[in-house]
């Protein structure tokens, strides 16, 4: 949609939930699991706006985070980058959070007869792992390419290996093949796959650029700065290939890579 | 206790509105609370033609605040009147149409369009948007230009006209007085103040528009001071905006003499913020056995006390 | 990497100074760190005669900021020159004397007194204090008046004259340009913006002076935008102030083109803040293999990049 | 001193110390004890500026707090009133804090031959309890008058009773005599006592007003808003009886009540 008349997918709610557990994987990556007795109907690809109930005036805005799981124990995987995620990483069980969701669209259905190839960069693994786990009961086992700077940047790679055929790359060669995740991709891009990707903008732009000439459908989950998460602030535009803007929170976060103007490799203006 | 407030000819059921640009067109909040419970909502700024807005990044967070350079992306007044207003009217929402143009003529055209559409309670002139290259803040700094826009719009509508003040005017009181003389029914204060942010790790300016308007609690002390000064200088009502996140914040503005408040950025931190502010004011009134009208201006030394 | 910066004729060992009113007379920090390591310190605003300042409350905290209405309490220029300056000189501290008066004549008299005292590196004219009824902000808003004060002080001293900008001037660039033409060696930006706060539980205005100047991180985006604009418009150096709490904050100002920064309110949150900012900038320069001079303005599109 | 040329008592330092324990007495009162291996030479009456090392941009300023004890396990007693104290009340052991001190002067020596009478209101008990504890080894047992709204507002009254002859008042009569602490005072104000008081300004003003005509020395510990705590911000003035101002952080916080202009009962402009 090019002018911002955005209509939501499904009713969304803001709830206050206590942190049930925090699983910290080194200083940078943490899975936060919340207690939501009534459950959250969150599907793979969707996200939630997360804010500590006791944060006061700063950090001010809630932080968009992809669901790693839904239901009564919804969880997120966070990477520490700034004030908000630092605070989340130190939260102790029992601490109350505001969770606003589910927001955004879901990954589209995998087309009949196609095998999904998941391309994950770092913390971008969260919505892809959730997707893979939701496909497992249907007997679908995706191929997953997972890259990071070093082995420390591959949170949940074991969990991913359980539900996917996993190939790992690291820039420093500390695990898997040395190099970038995109170098594994060309060999896989035949007519019977579909690509689902989430990670740094530059990685996703490279993935999109590989898929386009081969006419492989590529869905990218976009991370742009967001103030509201539900279409009112208009702070999350993504340049549309045909001109104008898409809004990551309402038209996405899962968007067909072909409809995006990836510009100089930064759909979201260089956020990631 | 009675929560009604009267702004010139218009009576609102309570003094809490939502601020333009922070509440969409009001329909996005359905699943959170009944928007009709509020004193009113101000729409996203409407222009004559739809606008795409600025390229990304449009927003970034700052200490206890945020910068935005949306660039007035909006559906346009026509689409609004056709597709949004009827639903809002049906639901009993009090709608203040915030409008923006880069010429007096276009301000008038938009006003005329709204005048024809039942369901608009008042028009708020955004003469102070810092995020567009044409019009925007230039209007808001100049008393004569502001008065001209006000008078021109007044001439084509029966609806109350509110003028939204730029905090960047050197002499805000002079601008507001000019609007009052030109027939404004109320002034709203304040719009955002231009700020900017640089990411030292990349050395790059964060917003594509370079500057963006600062909003949120960071701004509140400045907004409150301006509202206090305007209340002291004007006869028409003043509506307070700027960092209202809680009932306590809203009460500061009411005690300073604002006749109503608008809740802006707070809706991003908590979509039910405006509803909570409304409830909190009602609770304060009950505890102090005061109506909202009795509360207004009670913090001023010239008031009874 | 080289940390020196040159401001007109004056070379500082690094770009970090402390802001006036937030670092006393510099001697209070002895037990925290060696103040001589800084690029310089700006003294509390000095007036001709000592001043008691405003009644309490003089300060209150606001979101990511604080309001102050000290009212320029100070020991007076004579006492400063007799009892503070000699010690500062002995210790090798680079001293910028911040001065304040409510008439051009008094600005001149204070300047003359300082001119006679060895140990002053520059004089900063506070033409923008929001917390006194006479002088203060009125000077800072008016380009002609500002130019007059600047020229009058320049006429009686060899010392560099810095003029401290009020963010409340409607057209700050015009004020700064007038000062530049009148001979100012640098401008410092910004002073605080007036704000106020009401305690809803008592209904009372918190500060005895009613309004106070807002400082701290809340202000930073506004300060940065003003500094950017001034750098683009002036030939003389601009010194950035406003919410510098960390090296990252200081870098934003340097990247925007400020030739130096002043650390203010941060010293209250952490008395070693200025020293940490200095160290952080040095570390950034080392990591990026840049001297401070190479850093200045590097965030501007017109720079190399 | 009337013009602000303030010179410190003793060198002060800012240290980062971890919270060692938190003893919470109901929701409102908490004793925070810190680990300071090298020790703090803090005397009764002095205070420290306290700020969580991870507070970020808000609350911005450190909070002045009287020492309840010094040494290697310095402690403070806090009453929850706003954002800063709320955050302190939720701190968990191990959390790092910046402590800047010791700041301000100490209670003056008790004059030879006089018995100290301590008049405490609520959380004002902290510096007085520290004083009483420091007098105990010298065989001095003060009289203590301790008042609060209800029994919930008398933190540490048992500890106070150990080192003082304690008389308690509550406004609602839930413990001790019903009424205000000042009603017990007149009977005690003979020539051989000295008064030390800390509590709400209005209480201290009433205490001062009772002492003055009887020529009983009365030392009040003042609480004014403070930004720095060591004489540079000039934010903490107290009206001096002879005109001009005293500064609570440098001339105080322990100040002879007779030198203060108590005005309408609010030396510090109504802060407390």
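Note that the chains take the letters A, B, C and D in the order they are written out, and that residue 1 is the start of every chain.
Note that contacts are C-beta pairs under 8 Å (C-beta built on N, C-alpha and C of every residue); 3 or more make two chains touch, one makes a residue touch a chain.
Bear in mind the structure is a predicted one, so any value in this text is a computation, not a measurement.
Novice: Relative to chain A, which chain's C-alpha centre is the most remote?
Specialist: With centres defined by C-alpha atoms, farthest from chain A sits D.
Novice: Need the CA-centroid distance for the pair chain A / chain C, whole Å please.
Specialist: For chain A versus chain C, the centre distance works out to 45 Å.
Novice: Could you work out how far the Cα centre of chain B sits from that of chain C, in whole Å?
Specialist: Their C-alpha centroids are separated by 34 Å.
Novice: Between chain A and chain B, what is the gap in Å from one C-alpha centre to the other?
Specialist: It comes to 35 Å between the two C-alpha centres.
Novice: Please list all residues of chain B that touch 2 or more other chains.
Specialist: 63-65, 204, 216-218
Novice: Which chain A residues sit where two or more other chains touch them?
Specialist: Expected reply: 57-59.
Novice: Answer with line, ring, star, complete or other to describe the graph linking chains that touch.
Specialist: It is complete, because no pair of chains fails to touch.
Novice: Taking the touch rule as given, give the residues of chain B at its contact with chain C in the complex, in rising order.
Specialist: Against chain C, chain B makes touches at 62-65, 67, 141, 168-171, 193-198, 200, 203-205, 210-211, 214, 216-222, 224-225, 228, 243, 248, 251-252, 255-256, 284, 298-299, 305.
Novice: For a test of understanding, state which residues of chain C touch chain A in their complex under the given definition.
Specialist: The contact residues of chain C facing chain A are 63-64.
Novice: Within their complex, state which residues of chain A touch chain B.
Specialist: 2-6, 8, 11-14, 51, 57-62, 98, 100, 224-228, 230-239, 244-245, 268-271
Novice: Quick check on the complex: what are the chain B residues that touch chain A?
Specialist: On the chain B side, the touching residues are 21-24, 28, 30-32, 44, 50-53, 55-61, 63-66, 68, 70, 73-76, 79, 83, 202, 204, 208, 216-218, 245, 265, 267-272.
Novice: Note which residues of chain D are touching chain B in the complex, please.
Specialist: Going by the criterion above, the answer is residues 57-58.
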